[in-house]
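Chain lettering (A, B, C and D) follows the sequence in which the chains are written, and residue indices restart at 1 in each chain.
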Amino acid sequence: MFPDDDHIDDHLREECGVFGVFGCLAASKLCFLGLYALQHRGQEGAGIVSSDRSTFYVVRDEGLVSDVFNPENLAYLKGDSAIGHVRYSTTGSNNVNNIQPLYAKTSFGKLAVAHNGNLTNAYSIYSKLKTQGALFQSTIDSEVVLHMVSRSTETSFLKALQTSLSQIDGAFSMVFLCEDKLVAARDTFGFRPLVLGRLGKGFVVASETCALDLIGATYEREIEPGEIVIITAAEGVQSYKIPRQSRRAFCVFEHVYFSRADSVVFGDSVHLVRKEFGKVLAKEYPVEADLVMSIPDSGNSAALGYAEASGIPYEIGMTRNQYVGRTFIQPQQQIRDLGVKIKLNPITSVLKGKRVIVIDDSLVRGTTSKQRVSAIRKAGAKEIHMLISSPPITDPCHFGIDTPHRDKLIAAQKSIEEIRKHIGADSLGYLSIEGMLSAVKTHLPEHFCTGCFTGNYPLKVRNKGKHSFEGEKIKLYGKKN
Amino acid sequence: MFPDDDHIDDHLREECGVFGVFGCLAASKLCFLGLYALQHRGQEGAGIVSSDRSTFYVVRDEGLVSDVFNPENLAYLKGDSAIGHVRYSTTGSNNVNNIQPLYAKTSFGKLAVAHNGNLTNAYSIYSKLKTQGALFQSTIDSEVVLHMVSRSTETSFLKALQTSLSQIDGAFSMVFLCEDKLVAARDTFGFRPLVLGRLGKGFVVASETCALDLIGATYEREIEPGEIVIITAAEGVQSYKIPRQSRRAFCVFEHVYFSRADSVVFGDSVHLVRKEFGKVLAKEYPVEADLVMSIPDSGNSAALGYAEASGIPYEIGMTRNQYVGRTFIQPQQQIRDLGVKIKLNPITSVLKGKRVIVIDDSLVRGTTSKQRVSAIRKAGAKEIHMLISSPPITDPCHFGIDTPHRDKLIAAQKSIEEIRKHIGADSLGYLSIEGMLSAVKTHLPEHFCTGCFTGNYPLKVRNKGKHSFEGEKIKLYGKKN
Amino acid sequence: MFPDDDHIDDHLREECGVFGVFGCLAASKLCFLGLYALQHRGQEGAGIVSSDRSTFYVVRDEGLVSDVFNPENLAYLKGDSAIGHVRYSTTGSNNVNNIQPLYAKTSFGKLAVAHNGNLTNAYSIYSKLKTQGALFQSTIDSEVVLHMVSRSTETSFLKALQTSLSQIDGAFSMVFLCEDKLVAARDTFGFRPLVLGRLGKGFVVASETCALDLIGATYEREIEPGEIVIITAAEGVQSYKIPRQSRRAFCVFEHVYFSRADSVVFGDSVHLVRKEFGKVLAKEYPVEADLVMSIPDSGNSAALGYAEASGIPYEIGMTRNQYVGRTFIQPQQQIRDLGVKIKLNPITSVLKGKRVIVIDDSLVRGTTSKQRVSAIRKAGAKEIHMLISSPPITDPCHFGIDTPHRDKLIAAQKSIEEIRKHIGADSLGYLSIEGMLSAVKTHLPEHFCTGCFTGNYPLKVRNKGKHSFEGEKIKLYGKKN
Amino acid sequence: MFPDDDHIDDHLREECGVFGVFGCLAASKLCFLGLYALQHRGQEGAGIVSSDRSTFYVVRDEGLVSDVFNPENLAYLKGDSAIGHVRYSTTGSNNVNNIQPLYAKTSFGKLAVAHNGNLTNAYSIYSKLKTQGALFQSTIDSEVVLHMVSRSTETSFLKALQTSLSQIDGAFSMVFLCEDKLVAARDTFGFRPLVLGRLGKGFVVASETCALDLIGATYEREIEPGEIVIITAAEGVQSYKIPRQSRRAFCVFEHVYFSRADSVVFGDSVHLVRKEFGKVLAKEYPVEADLVMSIPDSGNSAALGYAEASGIPYEIGMTRNQYVGRTFIQPQQQIRDLGVKIKLNPITSVLKGKRVIVIDDSLVRGTTSKQRVSAIRKAGAKEIHMLISSPPITDPCHFGIDTPHRDKLIAAQKSIEEIRKHIGADSLGYLSIEGMLSAVKTHLPEHFCTGCFTGNYPLKVRNKGKHSFEGEKIKLYGKKN
């Protein structure tokens, strides 16, 4: 995308998506497709490790899934099992070394891992291991898990894994590849989603159900919080526990923005949850207007819900350039400000002279909202009522989302009225926390983590932050440097 | 996209988009942005020729606009005027030589041209010119225009152009770059759109208004059918005529599918015309159903119109993978049939047990409709009513659209009932020709060409077809070979 | 090579090498090999046009032969006949448009041409043709020939060619590809070499015999000055004349530097002629010394001749880094001056305390000689006697060699004693013109052009120079821009 | 080079070259130049790790030095110290993971290593370390050294290194980069060369002196067998010992073929040693002949020596195509056998009717000698006497040279008379072992390893061979896969 991406897309970023397949012909191709469907969870890098039971094959690089993989390197990835990863990363720590899956030859044989989440005590474990002589290659928190397992005095891999994972704090939905098995594990809080599916006689693990849909796999169930699933040729799926207690803390932002609308996440249809957000918003913020429009595409579901609940007609007030992708080059400093326009163009014939309700899914820094309100106004809208289908974001996430510094979180700095003025809308409303949680059906409101809206985290965080690891940097030159 | 593209996108293809800018700093960057906004009109190749009044600079290649251009080659394209082109082309004739703009040193100095449309008597002119010793480089019909102008015995460029263009049959919206001027010309039928805009003290010409919007240019007016516009530094815009009579014949398919919903084409908002298609369709085909959904994104406007007119709720029944682009590689033959799924995924929670009206903009070969109906059915829809917001396509276009052979046009081969069975829908309806033309406001119904729906063409066609030129092929190796 | 190439290689540059093959399986692969063997005649760009009798296939790009061609594009170049070209060009006029072979559809069908030499009246012909409406694509002088042939009123291709070539002044060794024949033509002066060979039942034409050797073709004979050879399937080789009289004027610099030592050129072994240069030099400049060394590899033959004639031992005083190629990047301004060293390293153990005769083939600007003398001195040589196995270069070439401006020709600016001081040698000697011409056996001394040493040209030159053409530039973006 | 390289270059392959620089501006550029000069020691991959005292920067890739590095990635390699490596590797084990320098964060901070040689007990150390939980990334023997140092219970880095290196068997000339120092170490046998130089106030370490020459560094001395040199900003060069006893065993093949002729290796000028090989050969194998020629360029020095000692004239009987490089593509199976010709072309005018002595440096499989004898014969030579300036190669090397399997070593399979017949020469002679060792001046004959000629190794070898490591393969996709 843009060098300065915030100017066209002001969203929080997920850090990863994971996928695994076991016991299927052309495993790496299925894995490629799974990652393709999970591309929205990470656009900075992608990797697959496959196994033909004796050799591991590795392809990892910076870029989109369709840039990293090609028929030649997919053919190189032999075998009937594979795990894959898509990665989002802030610029600072970007580095080919840090593209997952990680892999090594360990005391339990070859082992690879793909991880979605963030380990909050990884740095202290890392420091201890290094003192003991462990060699570290990356600055990824997940690398400590490989060391812990390899150095474990337990004699079985399962035991080594249980012991290691019980000592790790934070969020992890992980997929491991061993020479003869696929292993999936999810932290006891259940921060990040992870689902299990079947494809013929084989098995599939993925961050979201949309990845199962694409390859024609059937959805079996969620991997439970605190569960370790081991899949082998001989015994199929076997389930174990991470020996540790905690409350549940599903990330509600998966419903707000991260997950794809066509996925089922934490048991609920993402689209229907978002539509319900819109309906609740219509009750919380009734506005007299001529039309309801969304900021496409992430605001579509909620806008439709708002229109349905309010009776105000749903309209297409902006269209999206379907060719805008990561590769867009902003050609020159002086032709700036086209940031918003390159992606979204308002339709004057729809907006002229109208009182408009604009639904957006979230508002992080406020950078693009201002430009969008201005564009809609220039297209002739008489009144602009901006409604956000989630609460104000005031606090950082420590569990796998890359939140900007509090200084840049507009709702941590300004009152709602100040934000309204800043973006230039005639009115501004946010969905309430209670309203948001009321929209979810399968789980109880208290089973969700709302840390980024409230500062109340389900776990005390000792880690200094994402980059504390990088004190002793080794930087590997990559495509994007 | 897919090697066998029809499996994910069964649409007619436009052959080109053109853009020109005169008297603006960083002309080539503006031209790049203009082409970026016109990308939907041609994805196979792109080119820009710029002029600094003494030298012409050329960049042309196969691929998307964002693939062809980069900061380095945009910097190479010096000067304050430039013309550009995006090209669609069927595989057979693809060839780097055939990427526009064409250019040459002529008796009137350096001259470049970008052309949208199709010249139906180009082959006979070509044959005559070649016998006279003219050297031909490409198999593009537009090359004859350069020769005709250069060999003209007229002493002024305008006269040479007027004489040449009056002898050419067919569709052309052309932009010429001379050392000291920009020239835009449109055939007397007005088949393809062409608009004039202003940017500061400079001028812009483009196939659609969305390209003006992106660079912040203001829309002035359409270039009229039969008009030649000459833009110079000294005298600004001057208007002349092509000395030839004909009726008007605007291409209605620009409203059906080609143009972007946010453009104003032939004086009407494309989105509103499409919405009106949906409203008329609701009158022509009332159906009892639980929801109206579109095949995104091209069916969105009409679906909204249908919902509004019928009172049946508009829903999002399918989502679009926003990362699907030209570069997708189908990894393996056996994992086929994911064609449709890679682009669109149905939302089970919306469709389950529902009677569904599905609105699509057109139906060409019927290949993807069948797969989509099947996918919607698998997602649990109880009834599927497919409504097409345009009439059945029965005949080829000779004026700049690449229609498949009549054998592959499903409506030329089968009755509507047979098509319904083929695609597996519970009912199938098409918008009538009268209904379609009633949706357009600015021009009279009889001012449109409906040749692809009726076989009635505004002009007798002598040319054998797009490839008649290629009897004497010279094929230049390019990226995609 | 180096951005500033003169610092490692101070030589005159040939502008081209040509190759053609007719009636052989895998013609384009043979053509590739032929160009590979002729790489020393042009390193800036390369191209092949092949014909399968109905279609022409074209691959042309900037770079070395091994960069431009690959198995994929060689497979693209179908057919049993092909012509190819390697190009040297000064930076100024470098441009993808100018890479040969040129090709067009003409009144005689498809036609391509590859040209070694320089046409001295091309600009006036070009101007006239352009006024008549001809479209020009390149700034290559050779393009006029295609136009002249295509516009000829003669009814046979042979007649058209004879008439056209008789009107052209200057140097040309040309290979033409038609749909059904290969044609080779050489100007009446015979400036540039051109030889005919046989390969099985097919025929081969090349600038030098080393290209025949590589593909295993047998050397038949030179194409004679003023000869047109037409090769067809039906009639094999047929010989015709260009109807024009002139004296012979073989380029003696082919023996001095351009041609490969293993080629036979103008009937003589290049190695033996160069060795003879050394022997004559030993007579003209006897020196008392401990050893004779060459600047490798171009001075090797003459140094051996000098050693043989003088009885002073031949030694290897410098070695050549065999990995130095075009792609070397000079990493940083401050680490400059390694120019000479990157290519050649003196051997201290050989040179220490010795009186050394250094033989170089020519001395153009004097830039590298100075550095080399200095490097040899630093390695411990007591005396350095630099002997050049050709006369001082004082005048420009108009017949296909890129000579630097007279200001930069050191022998046009300084006396021999001044040059000696400039380069820092203890003595300096040049081979005399008579001595040089006495070394050639097959042709008479007066049959050679010695223009660059004497300013006496065999032809009055009306053209302003290489770039006169480029008044009306169209510049096509290429790899190296 | 060629897919099947043996057909154009039948030589043993060195496995590596190393280079290090400390305390110099633009350290990575100097390192790049050093590797450029050492390119002949490894053409498969190259890498540099630089340090700015706080961060390590890494660039590694497959290919030649000039392919791997470019101005952009050299700029990325910040800092005033750097180490680099060029790698040769057989196809089987090629793998991006295996490109050096290796690096990791260790208990002594960041550490990188570049290694020339082969560790013969690495596999048993590796197995033990893995059982203890160490994670392995590569299949390079050198990785064990990083683990041993990091896990050492010694408190100083020097002690940890001394202990670790004393436990390692085999050949190693290693350069280590730490955050604040450069370390060079050489095994107690001294198999591979390693020299120390000065550049301004900084220090340089390199496999050969030619790398010092290129960057203008002055040669100080060899790193002694069994020496550890530590270079810091505060204390400059400090020398320590590896606590282990052994005899000296310099690799004589460095003089036969590996090192560059312009290098000083083990104290002797390589060119002069090779020339002496030729002189001894003239005594051991006097032949009546008309001329002495070499297989260029590796046979040049010995051929000159033979000519000098015998009084038979030295001639250039073959020329080398200076553009043959790694990138040559053999275009088609049927145009095979041009293997030899693409690189070397005989000069008929020199060879016709002559009795020829041909000097080659070594004869490994005999594949190319046969083709060369045949080519010289076709060029007209009356008698061909092939003399090899080294003894017959009969045994594998375990100390850093990639010898083909004994089945392919022609001298292990056939008598000299059989080899003569095989290659088609009129006579064949090899230099004797005593003759070879007599040519070396600085060290005693018994201080050399002659294992590949005799099977007598200075060390018992327990390792199964180069690939024993690769039992548990992890293969990383790279450029050349």
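By our rule, a residue touches a chain if its C-beta (ideal position, glycine included) is under 8 Å from a C-beta of that chain, and two chains touch if they have at least 3 such contacts.
Note that the structure is a prediction, hence the values are computed from the model and not measured.
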item	value
Labels of chains that are neighbours to chain A and to chain D	none
Cα superposition of chain C on its sequence copy chain D - rotation in ° rounded to nearest 5	180
Whole-Å separation of chain centres (CA-atom averages), chain A against chain B	37
Centroid spacing, where centroids are CA-atom means, of chain A and chain C in whole angstrom	61
Distance between chain centroids, defined by C-alpha means - chain B, chain C (Å)	49
Of chain D, residues touching chain A in the complex	54-60, 72-73, 76-77, 97, 103-107, 109-110, 130-137, 146-147, 150-152, 472-477, 481
Partner chain B, residues of chain A touching it in the complex	25-26, 29-30, 32-33, 36-37, 39-40, 64-67, 69-71, 74, 210, 213-216, 260-262, 264, 269, 271-272, 297, 300-301, 304, 308, 313-316, 318-323, 325, 327-329, 331-332, 334-335, 338, 341-342, 345-350
